[in-house]
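Each chain gets a letter, A, B, C and D, in the order it is written, and its residues are counted from 1.
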C-alpha cells in the first residue's frame, strides 16, 4: 500500500518536474489571432455585420461566435481568406449568389445635401454642397451606409458592371 | 540481426496495429484528411509509442515488478504516456505551429490512442527485453504511420471523387480502409 | 550522357499533339485582297496593355494612315485610320471575345478614295539608330501578329536594354487551319528577311533563328533562298508538333534552353517575334506605313472558299466571310465561330466583330470538327494521363481540373495552374471530353478576381484610415477653434471651424 | 440572331478534338483480351464459358442497378462505354475456370458496387475493382477459389458438352478425381509446407509443367500467358498503354526471382515459372496499366510496377498465399496517391521541386 502510494507519488513528481522544465524551454507565446484577423478585415467599420466595427467582428470570428462569411464588404474573397486562416470550412454559397454591389447616384434625384459623404467610411463620395455627388467606383466598399441617409433616395446599390477585364469564363457544366 | 529485422517487418506489416489488430483507429480516421497532417501525426505517434514502450518497460521491470505492484500497471502506464504526449505537444507547438494547428485536438488525444497503451501492455505480456520492446514499439508505430500516410493519400483522392451522397464522408472512408485491410491480408503468414 | 542524348533523339519531342492540320487547300490558294468596307470598327485596345486615347473628333475627316488614337502608358500602341474617311462615332462595339461584351472603338466611314496621308519613309534604314527604329515601330502601332498582340516596339526596346544575344523568329504557325504566315513566307520572303535584319539592328542581337514547321516545305525553301548570303539569319526546319509556335517551346527547340518559369525570354537573352511582325516592322521603318491591314485565313468546313485574305483592320468578320465566299448552306451546320486558330482561338457569339491587329484567322467550324466525333458529351475523368503526356509545360491538368471542379482554385496552383499556357493539348486528347482549358480559364479568372478584391480591400483599408485621420484632425481643429473663440470672445462672429462641405480629396 | 445558330454559353478553346473516347479505349482493351479468352474457352470447355459470361453480365447488371440507385442520368451511355464489362472480363480471367456459379455474381457485386460505385463510379475508385473482387473472394471462399482442373480441351472426348457444362457450372457435381489438379504456384507452396523442397517436388510426377502456352491448370487466363502478352503488345502498339508499368512489373518479379533461384534453387522458383504463373502477365499488361488506379507519370508507373512485381515475388516466396499479384496490385493501388504526390513531372522552366529555374544559369550566347 505504502509502496504503491510512494511509487505513484514519486512517478508523478518526476514526470511533473520533467514537464515543468520542458515547458520552460519550449514555451510559446499564444498567438494573437484576433489581432491578425483585424489586419485582414476591410477596416471600414461599416457595421453591416452587426458588430461594432471590424475589430468587434474579428474578435467574434476568432472566438467562433461569428462566421468568417459575416463580412459583406469583404465578400467571398475575405471569407475564403479568413476560413483558410482559421482552418475551418465555410459555406460561401450565401455570398456567391450575386456579385458585389456599389452605390451609385441617380443624378436627377441628388440635391447635393452632403449627408451621404459624412457617413461614408472610405470617403468614396465626392461633391460639394448643392452639387450633384458622385461615387468613386474603386473606393466604394458597398456597405450601403449612405443609402439610408439619402433624403431623396438618390443613392442606389447597383451591381458592379461586368467589363472585359473583369469577365470570368464560366465554369463548365458538370458532367 | 535478421531476427530483429524480422520483428520489425512483422510488427509493421504482417501484424499491423491498425489493419490487423484494429488498434488506434480513432486518429487514423480523424487525422487522415491530408498527407501533411498525417505525416506529422505519424511522426508524433511514432515518437510517443517508441518512447512510451521503453519507459513503460523500465517502469514495469524496475519499479512495479520488484515491488509487486503489477495491479498499478495500467494506471502508471497511462501516466507515463500522458507525460510523453504532453512533452510532444509542447515540442510540436514550438517546432511547427502550423502542424500544431492542423492536428488540433488529436495531438493531446494521442494519450488515449489505444495503440500506445496496447503496445506497452503487449510488451509486458510478451516479456520482451528492453531493446526488443523498443523495437516492437518502433515497428508498431512505423506500421501505424505507414497506414496513416497511405490512408491519407487515399482520402485525399476520395475527397475529389463524386461519391454518392449516401456514402460521402465517413462511410466511404471506412470502405476504403477496409479494402486497405484486405490488401494487407496478403502479408498474412509471411515467413522468411 | 551521350546515351541520354541519343535516347532523347529517338524519343523525339514528348510533349504536344499532332492534330490534322487542315492547312491545305487554303494555304495553296493565292492571297486575295479585300476591298475597303463602307464602315470600319476600330477598337482602341487591339493589343496587350493600356488602351489607346482617341485624338480625333467625331465628324473629323482623316486620311489613310493618319493617327486616330495615341498610345497611352508604357505598354500600349496607337491606332491608325485604315482608309480615308470620316470619324462617325467613338462608341462601344462588340469585342472579338466569347463574352459578347463591348469595348470602346472609333467608327470610321470610308470615303472610297483610300488616299494616303503623308508617309515618312527611310531609304537607308540600317543607318538609323536602334532607338530610332524602335520609335518608328512604336509610332506605326506594330504589335505581335501571331495572336498575343504585344506591342512590338516595347519588346524591341526592352531587348536592346537587356542585350539579348539572339532573335527567334516564329514561323511555326502550329495552329491547324491557319496558313497566313505560311503564305507570307512563300510570297514575301525577302521582305520578311529585311524586316528581321531591321529587328536585329534594333535589338543589337547578333543572330536570328527562324523556326518553321517542316509541314511547310515551300515556305522553308522560299526563306532559305531569301537568306542566302546573310549569315546572321538562319532558317531551321522544326518538327510539326503543336504547340511548336508557342514562345517557350520554340525557344527550347531552337536553342535548347528553357525560359525560367515566371521569367521572360529576354532573361535568357532571347526575344521572339512573328514573321508577320517582321514584315510590319519593315513597312513601318522603310516606308513609314502604320499597321492598318493584315493577312488572315478564312477556313473551316463551313466556309465555301477557304483561303488567305488581305483585310483592313476594323472590317467586320461578317464582311470578310462574305467576301471570301460565304458559308455553306448559309451557315447551316455551323457549330462554332472562332477568331484565331482552333486550339487557342476564341469562340464568338456572332460574326459582327471587327478584325483587329491580332486576328490571324476566322473559322467557321462544323460539329465534327469541334468535337472530333460528333455529339460526344463529357464523361468522368478516368485518370488515363493522356493530358499529362500531352502537356507541353509538364503540368498535371487532371489534378488541376479535379480541384477546380470542387471550387478549390488555389489548390490547383501547385499543380501548375499559373504555368498553363492554355494551348489546349490536354482537352484535345482527353478521351472523356472534359473541357480542361475552360476549367483553367475559369480558375484563372476567379483567382485574378480574388487578387483584385484583395488589392481593393487593402486600398479600402487605407482610405478608411485616412478618413479616420481626417475626422480626428477636423475634430481637433474644431476644438482648437472653439478654444480660440472662447479666448477671444470679442471676435465671436468671425470664422467657422467647419468647411463649407466635405472635400475629402483635395488633390 | 442571324441565320446561323446561336452558340449560347461561352466555351473555351480548343475548338477541335483528337477523337479519342473512353469507349474506344475500353473496346481496344477488350479486343486485346479476345485471343487469350478464346484459348481459355477451348482449354477449359463450357463451364468456363458460362462462368465468364455470368461474371460479365453480373458486372453490367450491378453497374446498372448502382447507377439507377445513385440517380444517374447517363446509365445507357455509361454501360456502353464498356468499363463494367471489362472489369467483369478481367475478374473472370483470374477465377478458377470451373468455379461454382455463385462466385460470379458475388464477385461482380464486390467489384462493381464495393470496388467502384461506392467511390462514385468510373474514374473515382482507388482500388482496381477486379482485384478487389478477386482478393475478397479468395479470402472469403478459399476452397472453391483454389480448386483447379486439368485442362480438358473442348475437342477432347471427355470434355463436358454444353448441357453437362451447364450442369457442372450450376450444380457443382463432384468432380472426378482425375480432374482435380493444382496450379504450379499452389502445388509448390503446398509441397514446401510439407517439407519437400522445390528440387524434389517439381521433379515429382504430378508436378504441373511450366510451359509457355501448353495446356496446364490454373486460373482461366493463366495458361494463355503468351496470348495475354500478345494482347498487351497490341495495346502498347496502339498507344493504349505505356511500356513503363508492364515492364516494371515483369522486372520487379524477374530480378529477385533470378537472384533467389540462382542462390537457392531448392527454395526459389525459376524466373520462367514466376513470369508464366499466376496472373502475372494479365497483371502486368491489363491490371497494372489500369488508368484509374495507377500513377499518372511515367516515373510513377515504374515505381508502381516495380512495387507490384517485388511484392508479388515476396508474397509468393514467403507469404501464406501461393499467389500474390492481386494483393500486390491492391497494395500498390493504395500507395498510388502517395506516389502521384511525390513523383511529379517537371514543369518547363522549373526544377523538380517546382521552383523557377535560375535566370543566372546562363542564357543563349
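Just so we're on the same page, a contact is a pair of C-beta atoms (placed from the backbone, for glycine too) under 8 Å apart; a residue touches a chain by one contact, two chains touch by 3 or more.
Here the structure is a predicted model, which is why all the values come from computation and not from measurement.
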Chains adjacent to chain B and to chain C under the stated definition are A, D
As a test of understanding: of all chains, whose mean C-alpha position lies farthest from that of chain B? C
Chain pair, most C-beta pairs within the contact cut-off: C-D
Just curious, how far off is chain D from chain B if you go by their C-alpha centres, in Å? 33
Taking each chain's centre as the mean position of its Cα atoms, how many Å separate chain A from chain D? 54
Whole-Å gap separating chain C and chain D, where each centre is the average of the chain's CA atoms: 49
Distance from chain B to chain A - Cα centre to Cα centre, in angstrom: 41
So which stretches of chain C touch two or more other chains? 98-99, 377, 379-380, 432, 435, 438, 441
Provide the list of chain B residues touching at least two other chains, using ranges where the numbers run on. 162
Could you list the positions in chain D whose residues touch two or more of the other chains? 10, 12, 120-121, 124
Which of line, ring, star, complete or other matches the graph of chains that touch? complete
For the complex, give me every residue of chain B touching chain A. 59, 63-64, 67-69, 72, 75-76, 79-80, 83, 86-87, 90-91, 93-94, 97, 101-102
Could you pull out which chain A residues touch chain D in their complex? 169-170, 173
Would you mind writing out the residues of chain A in touch with chain B in their complex? 3-4, 7-8, 11-12, 15, 18-19, 22-23, 26-28, 31, 87
Could you please specify the touching residues of chain C with respect to chain D in the complex? 17, 19, 98-100, 164-166, 176, 248-249, 252, 255, 257-263, 267-270, 327, 330-332, 334-338, 342-347, 349-351, 363, 365, 369-373, 376-377, 379-386, 388, 391-396, 398-399, 414-416, 419, 422, 424, 427-433, 435, 437-438, 441
Inside the complex, what are the residues of chain B that reach chain D? 35, 149-151, 153-154, 156-158, 161-164, 167, 171-172, 175-176, 179-180, 182-192
